[in-house]
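Structure in structure tokens, see below.
Read from first to last, the chains carry the letters A, B, C, D and E; within each, the first residue is number 1.
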Amino acid sequence: MLAFIIKRLANAVFVMLSVTFLAFVIFTAVGDPVDQMLNEQATQAQRDDLRERLGLDDPFLVQYGKFVVRAAQGDFGISFRNQQDVLTMIGERFPATFELVLVATFISLVVGVPMGVITAIRRQTWYAEAMQFISIIGVSLPSFVVGIGLILVFSVWLGWFPAFGRGETVDLGWWSTGLLTHSGRMSIVLPALSLSLFQITLVMRLVRAEMLEVLRSDFIKFARARGIPARSIHFRHALRNCLMPVVTMTAMQIGGLIAFALVTETVFQWPGMGLLFIQAVTFVDVPIMAAYLCIVALIFVVLNAIVDMTYAVIDPRLKGADA
Amino acid sequence: MNTHTPALTVEGVSKTFDVSAPWLNRVLERRPKLFVKAVADVSFTVEKGTCCSIVGESGCGKSTVARLVTGLYRTTSGNISFGTGAEGRPIRVQMIFQDPHSSVNPRWRVGDIIAEPIREMKLRDTEAETLARVRELLETVGLGADDAQKYPHEFSGGQRQRISIARALASEPELLVCDEPTSALDVSVQAQILNLMRRLQDELGLTYLFISHDLSVVRHMSDQIAVMYLGRIVEQAPVEQLFTDPQHPYSQLLLKTIPDVKNPKRRVEAQAGEPPSPLNPPSGCAFHPRCPIAMEKCKAIMPELLQADGQARVACHAVAQKE
Amino acid sequence: MRISTKMKSVALAGLSAALLATTAQAETVRWGAPRDIVSLDPYSYGDSYTINFLNHIYEGLVRYNRDLEIEPALATEWEIVSPTTWRFTLRKDVKFHDGADFTAEDVLASLERVSDETSPLKGNLPAYKSATVVDDYTIDIELNGAYPLLLNDLTNIHIFDKGWLVANNAEKPTDVSAGVEGFATFNTNGTGPFVLESRTPEAQTILTVNENWWDEPAHNLTRIEFQPISSAATRVAALLSGEVDFVDSAPVQDLGRLEQAENLTLLERTDLRTVMLGFNRRDELVAGGENPMNDLRVRQAMQMAVDMDLIQDKVMRGKSRNAGTLVAPSIPGYSEELDTPAAYDPEKAKELLAEAGYPDGFEFDFVCTNESYVNEEQFCQAIASMWSRVGLTPKLDIGPTAKQTPKRANGKADVYTIGWATLPMLDTYSILVQMLHSKEGNSGVFNWGDWSYPELDKLTQSAAVELDRDTRLQMETDALKIAKDEIIMMPLHQQPMAWAVSKGFSDFPQFPDNKPRMWYVTK
Amino acid sequence: MTDQSDPKTPSRTELFFDSDLWWSFKSHKSAVGAAIVLGFVIVAAFLAPVLSPQDPYDLAALELWNAELPPIWMEGGQMPYLLGTDVQGRDILSGILYGTRISIIIGIASVAVSLVVGIGLGLMAGYYGGWIDNVLMRIGDVLLSIPIVLVAILVSSVAQQFLSPAWREAGVAAVLVLAIAMYSWVQYARVVRAQTMVERRKEYVQASRLVGTPARRLMLKHILPNTLTPIFVAATLNFGLAILIEATLSFLGVGMPPNQPSLGTLIRVGNQYLFSGSWWIVLFPSIQLCILVVAVNMLGDWLRDALNPKLR
Amino acid sequence: MTQPILASKDHEVAIPALEVSGLSVEFPSRRGTLLAIDHVSMRIAPGEILGVVGESGAGKSITGLAVLGLLEHPGRISGGEIHVGGRRVDTLSEAELTKVRGREMGAIFQDPLTALNPLFTVGKQLVETIRLHSDMTKQAANARALELLQSVGIPAPEERLRQYPHQFSGGMRQRVVIALALAAGPRLIIADEPTTALDVSIQAQITALLRRLCDETGVGIMLVTHDMGVIAETADRVCVMYSGRVVESGPVEDVIHNPQHPYTKGLMAAIPSLHDRVETLAQIDGSMPRLNARPPGCAFHPRCPHAGPKCSAATPPLVSVGTTSAACWLQQGGCQ
């Protein structure tokens, strides 16, 4: 187990170093923040001076080295634009994005798993076919179109849910949650729905594929031959055997969802990390962009590691394998 | 059969596979490198025009021997040498595989499959000659010349095995290594293939190294038999002697437990125990935990393969004592 | 895990629209803004949107009244002691939000802070040399030279409390390069009509009324909820569903829809900002080859080829004001005589091009941004399309400001858009010195095409030190005439500004500089 | 042994029309429907220069006074603008046809690029194993740990910065292709690698090795064809995904520029007119995008099931 | 080991464990409906082992699955009747079948590695099955599971109950599968190639175990295999299948020593002998026809050395020939 952890760590470090490097290469090329930081009346001398103080004139590797050393200490510098500590800024927005992603993941599992099971065990019925068709539409609709549509229907026409923002939030220590207030819960409905639509279909398709695979396996045939009732076969034997890939994919997708949330956040003005990132891109706020990229990669790496370790704990075949 | 010129000489050949845990795990858990001795100190000779068989249960190393002889694996130690064949060059080796489904490329036409060795080894000068040779080979193995245009999936298992044989013959080998060539076939088809192989041996003067777990097939095909257990040859004898007077307790066990079709409802006394894992072989004679006549000595000392009654060579302390 | 009782309120978005209308307090304004302010520190970033918002919390020595005329604020009166020394008498009995008294020391600290070497806002007070405290309520400001526009500049220099700055180690402006956050980035202590209650960046900033404000409030607001909604469609949706009751940048194409909404009032007018095109005037075009745009006839042809009336009608929905000169009518230095938009004459344009030796036109780079000006993407395409019709080949390059600015500033654009409102100075001098003047020293920072008109330079330099207002304005007008005759820049229009306000407000003044000033709003 | 063997050898086309695949296709109504729709969309897109009343990329062809005309069946609609015009006077139908063409080209190109890279590297990693495998897979890890939207935003925004004006028009599309391909090759590489590791051990490969076939030929002629089935399915589904990603990037403003609109750009621009009454500017491109991707995904879905040996 | 497995079940000798009559199974496909099983009849008495032998594609496994009601889609029973312990099962609904499976009939499959759910311990799977078919308490079921493991010859059963399938060797796993099949004391066990995946020495252990259990508990076993040797060793009677039909059936000794049908004859001759050596094996040319290309009449006639015109015209019925029955015109008036 220890070796496993060390290997995961080494891998994570490698991935993180590469990501930071990539981030850095890209960001230094994106644009010049100085013009954004000064106003119309600033002089050329002031511009040059600021550029020098920001270290933008240093050789590339020097800039990168400084960046990595500080990033490793959790210091991504302070935002060119907002002049706040970047990590704090991202930290403030993290709960919003995380709650959105969490709710979206929850929705996708609650809706996607049963749909996947039904389409797998009732393959020929009209409703399974209908669900299949809906799922194809689900993976095909761009989430920005979905978002715009949801706002148009549920906010403007029907007025059921708010069109933007997060509603009232409650502070729990450093974490601010919108899930404890009515307005917060109302606010999360549309963005979470729009974010989860793709995910629902992904989960559903995966569950269906895995179920079909497992249902064809010998041990299911054998279980049926033992007279185990269909319900127990489907939900106790088969579903449990295909949950592992579902859990894996769900966990892996969380990283992707966090990144993908930036589209949803843009459409719904959800005050999360993605919105911050998109705005940072517009304003060439390099520290924020770099930190965002690194944090998304970090979340991804951490989730990956957790999934791997959970695997080792859950699956009896792997548990014994190391001994 | 009486020429006594060896086609193949295998001397003290061993093959070890490194199945160690990755480097980091070994360092952390202070585990040594782990090797599996798939084949240990195997020596035998196959004389020209004869058929030598290797029998044993799964995991005994017989397939590894086949792959060592053909050169698909490299030996860890020991020496494999070939006699001289036609035109004074070393004997050519080809192999026939077990699974008729995976031994031919499903996406190639039969003609191309058989022509591949001719083209790769440039055995014919022109394409027309190559095609003529392919037709000839197809007819040799009992297929039609038209079949060259078809794809493997249009053929039954037995026919595919014929294709496989034709391909092996295409490179004009003198020694054919046959790795369980009929164990995936039905009995009636098995008879066809065995007869074909016998016919080819006579017509082309082929030498066979025949690998099988099926004693009745082995008895039908071979001149010499080597019985392997856990990577070692435990008994080697001419076919008649082995079947009438097996010396090694393992050979006796095999002969006793093999179902005898001609002798129905023979209530066999099943002997307990299963073959040990090659990862963790028993000390001394590997067979001693299952051996009814095991002695103290067997647990400690590995018996050597010694000359016994008749032309047999046996690796057993009990047999050696009896001498 | 204890739930903190402090509720951070964001938008009251959770309630349905109908509920909102009845429960919202009459004195609250929920402001749906196109973007967030960048910081709570007005000196942190050269961003006029932020500075204006913070004007609700902080005040300057002088301020603009409802008619955009300068009136006393924290200073009650001033005199020019010598051409380079101004004396300000300060208002007594003014208290900061934390209760501290306002004195001349605070003014000195604030001026020093904004003029610090590292201050990004140094350029907003270019003439400042030093200041001397005469007594608690009198201060002298020393200038580098004669400078007529000091009061204009001071409208946007917010006054901090010195004691508060010192106590929180914020006497210097925040230095981004030092990698340290500034206290003033998160905290405020001004004298203004509103007090900061809370701020969550990109989500909401809440202000409440300052009960102890020195001035008689013209407003009756108790609370401002400022919420950035960057997506225009979402912003309009929020307005239509009643989730916000004021939007300060309504998309022109949605005005028709908003007009029909029963619960809304539209406030429209044209901005002070004049949007114009600049020409590359270097010897070679960006892609290489001789630069035809150094020929006046070519620039004339390019101007004539553009049908601004059609653009006004279709792209700007009739809401813009076509411009003949580079500043808006209310900017001092403006002359109505010059403000005659060029006539649309594609035939003449073709002739001129042929005459200049380009009968088949030429290819050039046309750099636009996609979010700086109202419907910029659309009018750029329309202009490019019109140019194509007279045989030119514009290569349109549209992108975000951050990407386009380096191209424009470094001469990598043959034709580019730029808008100038002369803010915060509100005087023609601003555009003369920053944009039209040759690139030398501190002048011509925005002279991106790299042209030089010595006559114009001379007029600009003279206007800078001319204390007689009429003479100065005449000089500025003369300079604008040169710019017009030479088509140094090609003026397009003053862009429209549209505010949408819910019906609940009885007074909601709109200002031509597009800055909402809530202390004039009554509900 | 040649019992019941037909002397006439069927040609490849005959084989195809006799195959289970074709049969399954014919009996799958939604697959046939999707194929017809997709064929129609693709043909229309590539005949865009012939079919569309206007060249939406030709700036000189845009007539501003025809801006925001409604579709032909509404009051104020004008020929030839069947689906109306946008704010530039650009014919929506022409925009959609050309935009679809761009979307499809970018989709196909990005799939092609990632296929070539992914298959090549996957084969090498799977066949040789060892450090080559390690290096390639670690690179894949890195790319996969940056979500695709970010990769694409970053690559395209950087590249656009460096593109010289002369190259911009072709370049933007190329950059989008690269950005999308940069992410998706990893997927193919992983599939091919896994499959290669399986195939490499199969007996037909060993038989071929025994006659001295060199590694390159083993990989290309033996292993590669047998890894293509899952790749084919993945490529179809990724084609749909690529179109979506391109649309998303264009929607976020880092994709195709408004003067060369793809479907995503049309939707982004049209979105600004959602409340102004000119709903057709956003609606028709959105519908087209959805139709296109739904059709691709339905085909891909059917293909996945049809080619899955386990589901028959 | 001495305890009987079945608590006490009166198995009436009169009622066969399995009676299949005229069973047909068809698979609709795009090229028409394939008849996988064509009028197959067989009967297994309690305590009897019936070997069903045939080459791949003969339909022997499908027969087993049809009895269990586990035919895979789109396969379906198109005719005939199946009685298990006197009760007709082919007409039962899926829900009713579920109650019969496990209780009345059990199954053993080829690959013990995949037949067990990898995520549950062996004990859990046993207890689940036991409690499903009885109203035992958890403890009682546990005790019964222990007893079962013991009876199939698994050493240290207490410990083994807590282990997962992957911790068992192949032979041991097959024993667990057998224990599971026996859990509810069924009248019939369908054993589909139970020894094919095992080594020769283990194979003998498993067949011996089956034989013993059959004798001890009176369960009827349908032993489906392609291996004539296993049949010879284990079965009481044998049923030879060819291309979906039973071509010969009878007591195992009689069929082996005195096969009536040309196919059985050929098959027996094709098996290389352990005792003597011939230069060429007797061989049946060609191979079993695919289901979609089954020749008319006797399906074997294209490969049959005795085939005459009658053989391709009509399908011979299965009739008694001495102790055995065969489906061949040769015994029914010749092939001409």
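The criterion applied here is as follows: contacts are C-beta pairs under 8 Å (C-beta built on N, C-alpha and C of every residue); 3 or more make two chains touch, one makes a residue touch a chain.
Just so it is clear, the structure is predicted and the values come from calculations on it, not from any experiment.
Colleague: Going only between touching chains, how few steps reach chain D from chain A?
Modeller: Counted as steps through touching chains, the separation is 1.
Colleague: Among the remaining chains, which ones contact both chain C and chain D?
Modeller: Touching chain C as well as chain D, we find A.
Colleague: Using the touch rule stated at the top, which two chains are linked by the largest number of C-beta contacts?
Modeller: A-C
Colleague: Just give me the whole-number Å value for how far the CA centre of chain A lies from that of chain C.
Modeller: Here the centre of chain C sits 37 Å away from the centre of chain A.
Colleague: If you average the CA atoms of chain D and of chain E, how many Å lie between those two points?
Modeller: Here chain D and chain E have centroids separated by 51 Å.
Colleague: Distance between chain A and chain B based on Cα centroids, please, to the nearest Å.
Modeller: About 55 Å separates the centre of chain A from that of chain B.
Colleague: Going by the touch rule set out above, which residues of chain D reach two or more other chains?
Modeller: Residue numbers touching two or more other chains: 1, 157, 161, 271, 274.
Colleague: At which residue positions does chain C touch at least two other chains?
Modeller: Touching at least two other chains: 233, 237, 240, 400, 403.
Colleague: Specify, in ascending order, the residues of chain B that touch 2 or more different other chains.
Modeller: Chain B, residues with two or more chain partners: 159.
Colleague: Which stretch or stretches of chain C touch chain A in the complex?
Modeller: 1, 3-4, 6-18, 36, 38-39, 41, 44-48, 117-118, 120-124, 126, 174-177, 179-182, 185-186, 200-204, 227-231, 233-235, 237-238, 240-243, 371, 400-403, 405-406, 409, 420, 423, 425, 430, 434, 439, 441-442, 445-446
Colleague: Which part of chain A faces chain E closely enough to touch in the complex?
Modeller: 217-219, 221-230, 237, 240-241, 315-317, 320
Colleague: Can you tell me which positions in chain D touch chain C when the two form their complex?
Modeller: Result: residues 58-60, 62, 64-65, 67-68, 87-89, 157, 160-161, 164-166, 168-169, 253, 257-259, 269, 271-278 of chain D touch chain C.
Colleague: Which chain A residues qualify as touching chain C in the complex?
Modeller: Where chain A meets chain C, its residues are 30-33, 35-47, 49-50, 53-55, 70, 75, 77-85, 88-89, 92-93, 96, 148, 151-152, 155-156, 159-160, 162-173, 176, 178, 180-187, 266-269, 271, 275-276, 279, 281-284.
Colleague: Please give the residue numbers of chain D that touch chain A in the complex, ascending.
Modeller: Residues in contact with chain A: 30, 138, 141-142, 144-150, 153-155, 157-158, 161-162, 240, 244, 247-248, 251-252, 264, 267, 271, 274, 282, 286, 289-290, 293-294, 296-298, 301, 310-311.
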